[in-house]
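Heads up, the thing below is written out as structure tokens.
Chain naming follows the written order as A, B, C, D, E and F, and within any one chain the residues start at number 1.
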Amino acid sequence: MVGSGILKGLAETARNFVGSYASEERMTTVEYPEEKLPRIEASRNFPFLVFDGDDWHAGMRCVSCQICEKECPPKCIYIEKSTDKKPDAVGKLQNYPARFDIDISVCMSCQICVEVCPFDAIKMDNAFEYFATDRFGDLVLDKQKLSRSNEYYHQIHPTEAANVDAELAAARAKAAPKPAAPAAAAAAPAVAKPAAAPEVTASTANKPAANDPAKESNG
Amino acid sequence: MSATATLPPAAMLLDSEEGSQYLEISMGPHHPSTHGVFRMNVVLDGETVIKLKPVFGYLHRNHEKIAENETYLGSMPYTDRLDYFCSLTNNWGYALAVEKLAGIEVPERAEYIRVITAELTRLQNHASLVGFLMQDMGASGTPLMYAFREREKILDLFEALTGARMMCNYMRFGGCRCDLPAGWLDWAKKVVASFPKFLDEFETLLVGNEIIMARTQGVGVLSRELAISAGITGPMLRASGVNYDLRKVDKYGIYDRFSFRVPLGDHGDVYDRYMMRLLEMRESLKILEQAMKDIPEGPFTDPKTKVRNFRPKPGEAYGRIEAPKGELGYYLISDGSPNPYRYRVRPPSLINLTVLEDMCLGRNVADVVITLGSVDIVLGEVDR
Amino acid sequence: MTLEALAALKLEIEKNVPGAIVEIITNPSVSAQHSLLIDNAHGLAVAMFLRDAPELKLDYCSNVTGIDWPSREMTEKTKVKKMVEGPDGPVEKLVDEVRKWTTPAYLEVVYHLYSMTLGTGPVILRLRTGDRGENVQVPSFYSVWRSCDLQEREVYDLYGVIFEGHPDLRRLLMWDEFTDWPMRRDYVDPDDYEYEPTAHDEVLTRAKAHYPAAAPAESGPAEDNA
Amino acid sequence: MTILFLILAVLAIVGASAAMAFRSAVHAILALALAFVSLAILYLSLDAQFVGFTQIIVYVGAVAILAVFAIMMTRSDSAHHHTEVFSKSWLTGLVLAGGVFTVLAWAVLGDKTQHAAADAPAPVTTVTQIGEALMQRYAFPLEIMGLLLTAALIGAVVLAMPLLSNKSGAKSVTKGDAR
Amino acid sequence: MTPLNGYLLLAAFLFSIGLAGALTRRNAILVLAGIELMLNAANLNFIAFWRYGTHPEALTGTMFAIFSISIAAAEAAVGLGLILAVYRHFKTTDLDEIDSLKG
Amino acid sequence: MASMNTGIVEQADQIFVVLKGAVVSHLPTILQPLVSAIISVIAVVAVFAGLFALTTVFERKGLGRMQNRLGPNRVGPFGFFQPAADGIKSLTKEDLVPRAADKIVHFLAPVVLVAASFLGYAVLPVGRNMVVTNLDAGVLYFFAAGSMVELGVFMAGWSSHSKYSLLGAMRAVAQMISYEVPLVLASISVIMTAGSLSTVDIVAKQAQYTGTIAHWYVFTPWGFAGFILFMIAATAESNRCPFDLPEGESEIIAGYFIEYSGFKFALFFAGEYLGMLATSALAITLFLGGWSAPFSFLAWVPSWIWFFAKLLTLIFCFIWVRGTLPRLRMDQLMGLAWKFMLPMTILNLFVAAAWRFVPGGLPVRWFVCAAMLVIPFALLSRGLRSEKKLQTRTYRFAE
């Protein structure tokens, strides 16, 4: 009879209406600022520069090889090489970026810079609560604003960071026999932090980062 | 009353020989039902459409030109932004074309991952399309919210795999960017297993509803002949009764390994088009179950293919896949340099709009809205 | 489609469409999608034949692409044995011979045809214009395949190929008042620069040139970091 | 001669005059609706409840709305067409109307018959009474009225029904010509 | 002036306005509106006579008004239908033009 | 219930009446009727305006719950101060008037609309002895007030000078005129049975009990059918989903009030909800026994609580339907009015008459009357299906 389909539909919405009070998992939404969804480990947002140790400038892994600048599809990275050299994460003397800017109003979070970086120096952040008051100044991040500690990297992407550290340690071990590697030893403690369980769902990096320049610079 | 004399009502009416009896309205680009910044210039006689001209280009950013100035890899994230609902199938289409051009073999596991992600994409695209269509019919968002509830679960899966919910940028020439993370497959199995429950709910809510039947049956009819001639593809073509699914015809990837059926409609109206989507979701679930059962271990990408400095030999290739909206093709010409000499996207949304006027003439405004809704367009792809 | 099959198809076309000049363009890439170049005068007839021939039934035109081939300076070095007047008489010697020529400039339209009925394809058709200036006409296949409607309009819009016989040849993506052809390779962006925050000095310079009176406050953060 | 009567009378006259004088047909009909409402309230003040409400339903709810509908359908809102509002013989009409009013006013004012006093008790009329009257004394006129309304309904539908050829004409509108 | 005279004068004035409108307006719809106004004026007379008459319990005035309103409704419907039909033919509702075109 | 002190029950029931009486009695006799009327009017306006505010929250929360969302929950406890926030927002928003608009009519339209929406409440008894005025032709008055809303709608649509608003106004007026016919016809069956146009009388007739069951008209076959038909027509009259074509946002964006902003927009919103509340209240009065309790043993609950409880239930039904159904098309809407609603309401009139005159006990009357209603409906369903107008389809699959 005409109308039975409508009644069935009404029953369905009524079931959902009652169900929304009965079962929490039905709810599509969460009350955002108070309640946050668990972070998914792989999620990415904007790139940052990893540094080892405590001094962001001394520990910066980037050697300003400018590969990311060339490969970046929207061309949002701008690098100037330094004229002098400093030891890199492995201990080799390398250039460092005199200037490293990322225009995050142009960046489209594609992760290609991370993929092409041979030095594991640039990684993807997953902080998303950005805001800026100055449309022009605040959206171009310089290298200080971009740098994050290796600990922070471990916090947001534990599995990936553990792999990276293992690779770096191997590279360092290869480089170690050669005598001039005092910087490598200094950088070594960065490996200390144990990686969280490599479970995709489990990562809930809600604790404030130990050294989280993103919050300071944007807050 | 002098203030009102500045804009006579005659200006609202078309100046035609028959005396100004037609009303010309511009639906869009800011209109709640045009699925983005799409515009239709509609001429109405009363509420009957007597002329309809789509106007494109509000979202045009010359994607093809950008890609021609970009490396082969650099275009991959831009393909995400074509049909921003289905970035993974866009990735696949582009990767497929490049693989054809450069003759790259894709490892088995990568093929399975591609099928899984593509079918998940199809699920979320179809579910939300049906939701949007109901929204166009005025259903206060309830079906759309149900669809989004399920879509959210699939997007979480995408995020865990690729790092992004919509702009995945996941596939690479010769495979995928990264392997499935630990535990992902079990999670995906759970999502897929709970999906039929949602489909049942959706169908109870929608399929028997007399109002939906009355609104959609016999509306926006597209004949089989016109559909073929106009190059309509995807569910819209199959709703007109043409058995043409690239997963069956081209058997690209590893689709010949899965058993699934292709639903076909007989009337080619809006009702058939939306039922096609509902039925295709069931079939996609079948493919997903098989793929997730059979997925082998192994490399997730072809190790011989370089990420950087990728220069295919000169030549050209056209690769196409069955995207949720229809046939998505990429045509590439290489001149041996790191950038493609010519990069062309064959957007299903745009070509499916070819027949919009044919489907809408003689119907009224409300029918135009749902006919457009049933075409399933995304303006990122239409305008590129 | 293999080269042999394509050659057979070429013969078939030439048999059924008298006067048609068909040329096979080989594709050196692994995809091996070779194509047929058709002369403009018989384009429509060939298209009709391909659509209606019972053994072909190419009823579905999937893709219409425009391509710009500007004239290019080509140089080719070949080693040629030549008699060279040596100090002790003519000697046969390997000599580099540089051959220079310019490729003809034309616009090309590529059609990818499939058969929905038979599930075969693709057959690739190419049409070429006389040059890139005045002679940019090719026949429109609108009357053969409706799917050429919007796609040919797009090619017209972006490349300036004029499709003769298209009933509604207007700009598709660009606005009606636009005059240039943006997808041509010699297209230069107009200087309607929109100032964006950027780290790139060259872009910034361009932006400043566009906005000569820009206030110092707006000069961007790039200098601050330097 | 209460204040209420004066207010309503002024409203009715203003509404009616505006209805006949406004350039825009829609404005005229809206003014006419004002006159209709004032008249309805006048009926109510005269203790004719039923007639008052019927007046609003029929005149405001139906006649005025139908009139604006007709104006929309015939696109005859003259506010912005630069045509004459009044016909060529407007002077004749005005003089005639003035003459009619003079005669009527003379007759009304010259009438010396005694009517019920101003403070006469309001007659009690219930809907029941009206119903009974309609069903008994006025049964025949009621039937005739029903017949008339039915005939009017059919007649209006037939008159207003668009010619069938119009429908097929809509489909044959040329497509393909620019915009 | 008795209350009745007031109502009668008002009715007379409204009637004249309606008459003037019906005679002078060019727009056919407004001519119809004028006629409605005249009918209304007549109704006011009926009600007033009934209220201040000698036999209010007989309901004559009310009845007359009710019938008059019904007829007015029928007249409006048919009249507007006619105007629509005329409009379809002449593409105008201007009475002077309809007069001069003669089909 | 025997143990209940009837005095307390009586007092709870009549508390507002007594309060008003107490206030009025302190005044001089000449002022008493005027003050009494003013108090009643203010009370009705305040209560129903408040109810309108509450309804908007209920609607948003209810829709949210049906869609598995929370709905507004930020302003005040459980988000119930949301309408206050909305009101402040709409008051402080800039009032935009289109340049080409007819300024005066544009301004008057919301005023006419809201005023007309409020007029109808005068005859609705919200409790025992609680009615602003007991008119002899109360139902007629209600419809007269309702018919003025159409004028307001038209004024809004026409004066905005926008194509969408004009389309919306034409749709709205056509729809309201069409559905007024079944609305009135559905109520006539009640009026016929009750023998009165007075809302108070109609409720009084239903507030009697046979055994424990009240004489609500909805408990009869014709009353039930009439109630359903009335509610369908009422949904259309108040432009609610699935008949919300005049403002169908996906088609004509917002319909006749598209060009309104700020407080005037809020007035349209209010007018629409007030109309919905008024027609629901009339449905309660005509079919659901007004303020009376359904069972005699529940009669101790104060009458006004019954009235508002029923009103909220009906509002929930409106929200429920809105959360479920898409909207109809214009021609289908008109077809429904003239081809389904009109014949069914007329048929219902005959059934109502038959209910009175069919001999034999209650079961026989039930059977006869229900058959008279169900059989035509079933035939209609079959007809629609055989014409393949409304049919689910089966699909073929290619392997």
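Assume a residue touches a chain if its C-beta (ideal position, glycine included) is under 8 Å from a C-beta of that chain, and two chains touch if they have at least 3 such contacts.
No experiment lies behind these values; they were computed from the predicted model shown.
Undergrad: Based on which chains touch which, give the shortest step count from chain D to chain E.
TA: Step count on the best path from chain D to chain E: 1.
Undergrad: Skim through the chains and flag the pair connected by the most C-beta pairs in contact.
TA: Per-pair contact counts point to D-E as the maximum.
Undergrad: Mind checking the centre-to-centre distance between chain B and chain D? Centres are C-alpha means, answer in whole Å.
TA: So the centre of chain B lies 57 Å away from the centre of chain D.
Undergrad: Find the geometric centre of each of chain B and chain C from their Cα atoms only, then give the gap between the two centres in Å, rounded to an integer.
TA: 27
Undergrad: If you average the Cα atoms of chain A and of chain B to get two centres, how far apart are those centres in Å?
TA: 31
Undergrad: Chain A: which residues touch two or more other chains?
TA: Answer for chain A, listing residues that touch two or more other chains: 2-3, 6, 9, 12-13, 16, 28.
Undergrad: Touching chain B in the complex: which residues of chain A?
TA: Touch list, chain A to chain B: 2-6, 8-9, 11-13, 16, 28, 40-44, 67, 71-73, 108-112, 115-116, 124, 159, 198-201.
Undergrad: For chain E, which residues are in contact with chain D within the complex?
TA: Chain E residues touching chain D: 1-10, 12-30, 32-34, 36-37, 40, 43-44, 47-48, 50-54, 56-57, 59, 61-63, 65-67, 69-78, 80-85, 87-88, 92-96.
Undergrad: Using the touch rule from the top, collect the residues of chain F that touch chain A in their complex.
TA: 62, 65-70, 73, 320-321, 323-325, 377-378, 380-381, 384, 390
Undergrad: Can you check the complex and tell me which residues of chain D touch chain E?
TA: 1, 5, 9, 12-13, 16-17, 19-20, 25, 28-29, 32, 35-36, 39, 42-43, 46-48, 50-51, 54-55, 58-59, 62-63, 66-67, 69-71, 73-74, 76, 78, 83-90, 92-94, 96-98, 100-101, 104-105, 108-109, 111, 115-116, 118, 120, 122-123, 125, 129-130, 133-134, 138, 141, 145, 148-149, 151-153, 155-160, 162-163
Undergrad: Please name which positions on chain F make contact with chain D in the complex.
TA: Residues of chain F touching chain D: 102, 105, 135-137, 140-141, 143-148, 150-151, 154-155, 158, 166, 170, 173-174, 177, 180, 195-197.
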